[in-house]
Amino acid sequence: MQSFSSEASFALLEKLRAERPLVHNITNYVAMTVSANVLLALGASPAMAHALEEQDDFAAFGSSLVVNIGTLSPPWIESMKRAAGLYAAAGKPWVLDPVGVGATTLRNETAADLLALRPTVLRGNAGEVLALAGFAGGVKGVDSTAGSDAALEAARAIAEQFGSVVAVTGETDFVIDGKRTVAIKGGHELMPLSTALGCSLSGVVGAFTAVAPAFEATVAALTVYAAAGRMAGNRLKGPGYLPAELCDALYALDESKLAANADAKQI
Amino acid sequence: MQSFSSEASFALLEKLRAERPLVHNITNYVAMTVSANVLLALGASPAMAHALEEQDDFAAFGSSLVVNIGTLSPPWIESMKRAAGLYAAAGKPWVLDPVGVGATTLRNETAADLLALRPTVLRGNAGEVLALAGFAGGVKGVDSTAGSDAALEAARAIAEQFGSVVAVTGETDFVIDGKRTVAIKGGHELMPLSTALGCSLSGVVGAFTAVAPAFEATVAALTVYAAAGRMAGNRLKGPGYLPAELCDALYALDESKLAANADAKQI
Amino acid sequence: MQSFSSEASFALLEKLRAERPLVHNITNYVAMTVSANVLLALGASPAMAHALEEQDDFAAFGSSLVVNIGTLSPPWIESMKRAAGLYAAAGKPWVLDPVGVGATTLRNETAADLLALRPTVLRGNAGEVLALAGFAGGVKGVDSTAGSDAALEAARAIAEQFGSVVAVTGETDFVIDGKRTVAIKGGHELMPLSTALGCSLSGVVGAFTAVAPAFEATVAALTVYAAAGRMAGNRLKGPGYLPAELCDALYALDESKLAANADAKQI
């Protein structure tokens, strides 16, 4: 329990701000600007590069990689696979955000191929985690029509089979590996009404994985983001200003604000 | 006249909020994030997907489609045509926004090809509607150097020939089919100074077409958007915050606010 | 000195607002929306078009071109080269923003190829200007590990060899041609924490080059942007609202505000 305190998460945030990791993103068009701004406000250094010809160069100096399949096309898929393989081979962390998996064959096949490359962290909502577990080959016993308990079961199965930390995010977030589950509360009901804030969270997870082991990093990322999201949402009456307010909340987050807004518990 | 009252438009907005239609967008890079946020604030569920490989899957569950040619390239054109054909074949509505038609041969040919697929609604400014009528084959008698009266004449010609509802938007908006013309006032002079708000309006039209017949849907979409735009613009001194303020105005729009700001009249 | 006064820069801003030049951008995905909004707030008319098939048409009526290599891929590189060649051949100004040059072979080769097409203005940070000078063929004697003095030396070498005005931007900006150097102060420490504001500045340079000779245009662009950035940043406590606030500052910039915030000196 001690290691998931707000103090522990804040210590990792301070480490991140000091080290300013370069987070290499291959992400969707809708999320690029928002993700870059969220990463800058957090204290990381974002780079967006999707060309196959640039993946080897970026993998050589990137601190971590975030792959997001929100607006796929075949040339990007090649780059995603190339980059994921390079980061994995170099022992560097990478995060998979399987946006919309379950919706199309192209997303299903791409997400399954990427999952087979064993992402350090998989982050998705309950439906995405369930869908991915449902057709990712060896993952058994998942009822894709079931609710959040089934999503946690699917997350555990993925974690065990692929060695990934799995973050299932929603009204309550869950971080799961083969043995542990941490539940994180926070955020705000306006967040789903502002596009790409889930994608940006995957970017934040990528930034934290560059400065800490995957499980602790993911818990810290979700704790920080849920706290900043709650603070930002509470200041607003609608979703329009939420990305800007969220960036300001991340930028100004200090230990006492995080302590007052963090809620992470091992369950 | 009764059917274009603010009460009628608000009833469709309430229906949209209840049904939360999935609006499938193949839109330009500049407009993607803004359009997604506008659709979320309105109460719809946006999806952005441009790969040819995903069009059949999305067309199977999308409620409506919005095709916007703002940042064209040949692979996207193939996807636009495929998607438009699929929605049309399924009897589902789709909206064409011919951004910048008249400026390049690629846009002219693409817009004409898409118009030939008979969009449910065509939305453009006066120049775009005139340009499109001018080279879209059989549309006759249009003087592309003429003013807004000529644009209405062009809109009527397109409506008759292709069976589309045509929305000509500007300081005053017009919704035209073969028989009726509705003029809608509102919006704000700051709106043309914030990018992609016209593109986002096409997204809003797409959302309304998923819950009502094309003419009534288009009138309601333009009425709601003009009212929210006027309210948002009146709160600001410059264009910087307009997208955020517009989203908040859409999110908070209720029957009395719409009644106080709506201005739609059959002419 | 007289010609770099705030009065001179404001006179060019007024000319720009009156002429409303069409600035054709081939820029990165992250910067597109922000750049378009900045250009609109400034008083220019932005167009984003990347397809090879559209370059000849746009080059025929565009007032100036901005090429930004932030999110490269081979098809876009072809369009960039085509467009740069067309604007150069027509005697129209074009601006090169070599984002991230030095990071990857693809960027290095692309930036060098584009520099060989002799941009009217090259705008980059010190590291980019140094990197570009380091491998752009005949530019000699540059120590790419050196600091800002070395960047100015590199800028002068590029200016002499390629006939470009070179803007090296950072905490202090410098505008250099073969003979003159102007130093411009302003901006705000929050600016590097909001993505694409450097890219947007390149857009602003492009707009000014459409209404004045390259050196005077670049000085005016940087003077106006630094003043607006300072005013915007001073109103804020974090980076979240900076793009919106910067647009409002540009939109409302008048002669007295510019005079109070401008700081450009020939050195």
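Observations on the model:
A, B and C are the chain letters, set down in written order, and residue numbers restart from 1 in every chain.
We take it that a contact is a pair of C-beta atoms (placed from the backbone, for glycine too) under 8 Å apart; a residue touches a chain by one contact, two chains touch by 3 or more.
Nothing here was measured: the structure is a model prediction, and the numbers come from that model.
Matching the C-alpha atoms of chain A with those of chain B calls for a turn of 120 degrees, to the nearest 5. Although chain B and chain C carry the same sequence, what matters here is overlap: shared residue numbers make up under half of all numbers found at their interface.
Centre-to-centre separation between chain B and chain C, using Cα means, comes to 34 Å. Residues of chain A in contact with at least two other chains: 29, 33, 241, 244. Remark: chain A residues 29, 32-33, 36-37, 40-41, 46-51, 53-54, 57-58, 61, 75, 241, 243-248, 251-252 touch chain C in the complex. Partner chain C is touched in their complex by these residues of chain B: 28-31, 33-34, 70-74, 100, 103-107, 192-196, 237-241, 244.
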